[in-house]
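What follows is a set of structures to go through.
What follows is subunit A paired twice: with subunit B in the first complex and subunit C in the second.
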Partner chain A sequence: MSQSKLLSLPDDPRFLDMAYFEQGALPEEVRNLDSLKPEERETAIKFWQAVKSDFRFNEYLRGCLNCGVCTSGCPAAKFYDYGPREMIQYMMRDAVDKIWEFTNKKVWACVQCFTCSMRCPFNNEIAGLIMLLREYAVQFALPSAKEILAPYRRVLYTVMTLGNQVTPDMIQPEAFPDWGPQAVEESKNMDVYRKAIPVDLMQRTDVGWQPSLQTAVEMMTIMIESGVMDSIKKVDPDLYDMVMDIYEDRKAQLEEIKEKWQKGELNEDELPDSWLDL
Partner chain B sequence: MAGEKVLVVGSGPAGLSATKELLNMGVDVVLVEKESYLGGTPKKLKYSLLFPELRPASEVIDPLIKTVEGKVKTYMESIVEGVKEEGNGFTVSIKDKSGKIQTEKVNAIIAASGFEHFDSRRKYEYGYGIIPNIYQISDVEKMLSENKLVTTKGTPPKRVAILLCVGSRDATVGNTYCSRVCCAVSIKQAMEIKERIPDAVVHIYYMDIRTYGLMEDKLYWKSQLEYRVGFIRGRISEFMRGPNDTVIIKGEDTMNLNRALVVPYDMVILANGMELGLGSKQVAKALGLEFEEHGFVRPLDPDRLPVQSTRKGIFLAGAITGPKTISDSITEGYAAAMKAYEYVTKGVWEESDFAKRKVEVAHH
Partner chain C sequence: MSEQEQVDKKLQEELQNAFPMADTVDWNEVYQRIIYRYSTPHGLQHVKEELYKLEDKGEIIVHHIKPYNNPVKMQSLNGIPKTIPTDKLWNHKSCGQCGHIPGYPTSVFWMMNKMEIDYLDEPHQTSCTGWNYHASGASNPVALAGVYVRNMWRAYETGYFPLIHCGTSFGHYKEVRNTIILHKEIREKLRPIMRKLNMDIVVPEEVVHYSEWLYTMSKKAAQQKKYDLSNVKAAVHTPCHVYKLVPEDTIYDPEVWQGRRPAAPSGTVQNFGAKLVDYSTWWDCCGFGFRHILTEREFSRSFALFKKVIPAVEEAHADVFVTSDTGCVTTLDKSQWAGKAHGFNYNLPVLADAQFAAIAMGADPYTIAQIHWHATDVEGFLRKIGVPVDDYKEKFIQYLSDLREGKAQPQYLYTPHRKIDFYISVPERVKWYKKDVPK
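Entry: the complex of A and B
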């Protein structure tokens, strides 16, 4: 087939229409991807392909009746120009540019309360889809994700090294001026209530930040093996180095103690109760 | 052809019309009714006007009751306890309120025990039964027919919101079907409210308006042309109790992206859908019928044989096989009567393997 004889078809099927051919697309009809900056275009497409090929995606996104229950129940939609329905619609339409825009800003407004997922009449796992976008934003080390997560460095550091960020006993009235009188009254007796509920973890909230050396090392190994640390490395290399240093230190300490123990040089009462004692 | 007897379960529009036709064809009928009156759900909930003709429900139901009342053997306040196949018919045991069991020998059975309205308390976030001034369409029918449309303050409502698709098209309560009539009923109620309170503001919150067929202009267009009923596209997520016994809605105007609505109303009406209900479930169990995937009773062939059940000799009519309007139920009553007549006089029972067929879904 020679090129001269056969007219090549335009990429955009709308240009088959003579009017489009003559006038070109109107600004608001410019093809989705044209609105992206050339340097971002490739990442945006790759990002969306990655999200779509995640095994959870098809399970979480089922369909949309456009009823708006998700947005109307959403606490974040009250304060930001954000709504879960918007995201679902972009996903249903394969709108790469809109998903890109959404991921770079609005997706971080979600507080992950899962009200939308609970009330969706089509049983979409909407909050799960938001989590998916966030996960991949971190995976791709998007500049927006880095920027958004920068203030959370301290939180991440505590979670990675100690296993948790808040312990239940840290939830005190001083930190929550918006509590009503009843909540304040109830909070006074929280330790009594916790004793009444037979959950072991709740009995020692005071030691939530003091894991034993072995627990801390095991937990950090899990974080490394499961790829959490790899994600952190991409968004915050400094934090990664910091956490890995601590990991190496603790691991060496633990091995030292183990070696001593095996040789029979260590008395049982010499074993540290917590790594903080070391 | 003497001595043929047909048992009709339920005396709603479908049961009554089937009974009437069988009587006209000279077949003996035994009627079993759970309540103490004939007429079914339209009588029980005191329906006001019927769509789309906007005529009183009594105009349709009362003539049916009149032609049947006193002419057939009727067991009131009774239920069908069980059936036994005997010869070419059934022996049916019927239990009344006091627990007394009587038996009837019949040649065929028509199950027309109908539907029940969805109980909106199951959508807990709507606060029905907790927040004052939230009603269901099934409550409002009675208020309209008795001319007592007032809020808890005793005054007529000035601002009314009607929310469609409560308990239908909703996977969170397991009802993924459309109840068909609630759009039309809600618009009819909106027009009735505007008729009584001309300066009231009535908003209908919808996902899709399904006033199908000839009802489009008679209801959907008319309500806007003549009554200025407002239609807002979006489903309400939750209700809150506002000051002065108002109800505050939280919704999204989905015609505008991310436009949240937090608006107070004097009265909120939930358009609750249709379900098979416990009464019909008991009937289906007693008669040994099968259920289809939405929880209604499965007909032998939904297209070709809609009034035959999966059990030989038992026929179905009305909302027991799915959401139906009153006129549809009456039509089905006639059809079931005709099929039952053919069966008891000539033994005609058409077969279909639809119910047994395994549906193979092609995945693309």
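Entry: the complex of A and C
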């Protein structure tokens, strides 16, 4: 039996959507690229190409009934002008302009609860697709990513240098007035409250738990080698410089201590209680 | 033609009649499409098979659950067994818990002491960095895999099996594990980075959340219960990242909600004798949102209050909200105070299952469960179940003032680390940690 006689199924089952008159991706001329500013057009196309060629894209986008189940359970859709169905439809239609618009604003509304992913009858990994847009928004240093990351800078600094997301002492009354009087009380007496936690790793106020110096350096190495620091450089060059300086210092300190330890020359008593005080 | 041949021929003819298109369809293609469309990208059975294949090929090291981990077989969503190690555990702490809800991990450690479970808590650990990833997108799959494998390597070195404290770390690590196993290109980019750190790719046999461990242990733990909880109406919020991220790989049990909702933490609450109460938005998010809780809290507050706290109180008349993740405890607890300004004075106490269980077993609510970090009325709830809160509080206030004046030394749940452990990870470290631990 020859291959040509086989009943052939459509090439890409994702593009079978009877809600649309025309099947498949929209042809170039039908897409409303005119709605984009001329200087954005090229980036928008490149951005979308990058997302589509990511190794996760085909695995995550599998088809769409346009049923809206994802949006009906979406917490962000209840609060913002936002919905995951909309995004999936743009992706299915290859609608560069719409995806560009979506990435530059709406995509940041998602709270990453994965309700949509669990509910989708097509098993789309919707929350994962949202992360793809966000990841590439950072990599392309899009204005929306810069805007989102600006108030988040201190957090990013803590993550990149200590591998912790938050610190106890970030709960300051002026930043968290809505957390009530208890938070104010804690922030005023942070030192003694932390000392009253019965685990030595958790007694500092400037980090949730204290990682070892080696651990911090190893994690920073991973961030550098895997290209995370390169993307941060594009979004926030000052932060990049700061983290890289710290990395060099810490690495040198670690090497010195390791060498001494290996030679049996390290006097532990001379070390400060924490390398954070070095 | 022999009789057998005639039968075969007849059979072929009948098959042809029954399925006239049988030889004009490429069944392989159909199977492929069925697998593509109706299995998740992270089918658990498939991932496990691939895991062992990679181990056989020598591509990865699998951290196996050993008999000394006292494994217990539980069931995951689709009935595939999930092995929960219950002893010799390496605690993978949560940055949000340690930072803002310190009574969460200390309750876990306290219970392990109480049940004589051998464990490690090391400084050679980072967070999963998943909070940052889901909030900002400032990471990538290779970095996330590197962070996971580095932590898993440190656990593997010690022979203790990793137990993941954070719900996000748990969900996120399940996903990262699948990515490592299913994608060669990720392993190829990851390997040189790990080699640079003198490590190899280690993948534990199971990704286990502490709430799964706690549920598995809960009947035994409840034997040491000190207070009667039979009058407690507890509403449960099951954290999204625990059961919606890689949904198949979470434990379910016919004894809990007839197996229709995740076993933990509902089952733990149930096994401790409290009454589980239901509310219509049990499945909904808490409002944490990763970035939202830090820089867009009007969303978190409104969502937590209107979609979770109010239904739990108005529909279910809950006395307490029990949950099992960092972000959920924080959001549900911290979002209620601001509601007062608008006349929504609910003040529903919020506790992690670990705190709930430890307190029920007699843990000090302040030095161990650290309830003074909570914004809701946990004290009121504890009075209701008969905990002598005021005695504990008086002692704690004294302890704080003694600490401040240098009259008391900090108390510890396990022997503090040596100074060198804060600097480098010495391979023989476990011997040091363990040598003077009273058995």
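Definition applied: the second predicted complex is superposed on the first by the 192 of 278 C-alpha atoms of A that agree within 3 Å, B and C clash if a C-alpha of one lies under 4 Å from a C-alpha of the other, contacts with A are read in each partner's own complex, and residues count from 1 in each chain.
Going forward, a contact is a pair of C-beta atoms (placed from the backbone, for glycine too) under 8 Å apart; a residue touches a chain by one contact, two chains touch by 3 or more.
Keep in mind the model is a prediction, meaning the values are calculated, not measured.
*Asks:* Which partner does A:K46 contact after superposing on A: first (subunit B), second (subunit C), both, neither?
*Replies:* It touches nothing on subunit B or subunit C.
*Asks:* Check the residue A:A77 against both partner chains and state whether it touches subunit B (first), subunit C (second), both, or neither.
*Replies:* The answer is first: A:A77 touches subunit B but not subunit C.
*Asks:* Who does A:R93 touch here: subunit B (first), subunit C (second), both, or neither?
*Replies:* Neither: A:R93 stays clear of subunit B and subunit C.
*Asks:* Which of the two, subunit B or subunit C, is in touch with more residues of subunit A?
*Replies:* Counting residues of subunit A touched by each partner, the higher count goes to C.
*Asks:* With both complexes overlaid on chain A, does A:K105 touch subunit B (first), subunit C (second), both or neither?
*Replies:* It touches nothing on subunit B or subunit C.
*Asks:* Would you check which partner chain A:N66 touches, where first means subunit B only, second means subunit C only, and both and neither mean what they say?
*Replies:* first
*Asks:* Classify the contacts of A:P198 with the two partner chains as first (subunit B alone), second (subunit C alone), both, or neither.
*Replies:* A:P198 sits against subunit C, while subunit B stays out of touch.
*Asks:* Identify the partner contact of A:E268: answer first if only subunit B is touched, second if only subunit C is, both if each is, neither if none is.
*Replies:* second
*Asks:* Could you look at A:M118 and tell me whether it touches subunit B, subunit C, both or neither (first, second, both, neither)?
*Replies:* A:M118 contacts both subunit B and subunit C.
*Asks:* With the two complexes superposed on chain A, say which partner A:R85 touches: subunit B (first), subunit C (second), both, or neither.
*Replies:* first
*Asks:* Which positions of subunit A sit in both the subunit B and the subunit C interface?
*Replies:* 73, 78, 115, 118, 122-123
*Asks:* Which subunit A residues qualify as touching subunit B in the complex?
*Replies:* Touching subunit B from subunit A are residues 65-73, 77-78, 81-83, 85-86, 115, 118-123.
*Asks:* Going by the contact rule set out above, which residues of subunit A touch subunit C in the complex?
*Replies:* Answer in residue numbers: 1, 3, 5-7, 9, 13, 55-56, 59-60, 62-63, 73, 75-76, 78-80, 108, 111-115, 117-118, 122-123, 125, 127-128, 131, 133-135, 137-139, 145, 148-149, 151-152, 155-156, 159, 162-168, 170-171, 176, 178-183, 186, 189, 192-203, 207-216, 218-219, 221-223, 225-228, 231-232, 235, 254, 257-258, 261, 266, 268-269, 271, 273-275.
*Asks:* Contact residues on subunit C for subunit A in the complex?
*Replies:* The contact residues of subunit C facing subunit A are 21, 23-26, 29-30, 33, 36-41, 93, 95-100, 102, 105-106, 109, 121-127, 129, 131-143, 146-147, 150, 154, 171, 175, 179, 183, 185-186, 189, 192-193, 196-197, 240-241, 243-245, 247, 283-285, 287-292, 294-295, 297, 299, 301-303, 307, 334-335, 337-338, 366-368, 370, 372-375, 396, 399-400, 403-404, 410-414, 416-426.
*Asks:* Using the touch rule from the top, collect the residues of subunit B that touch subunit A in their complex.
*Replies:* 125, 165, 169-172, 207, 233-238, 250-254, 257-258, 260-261
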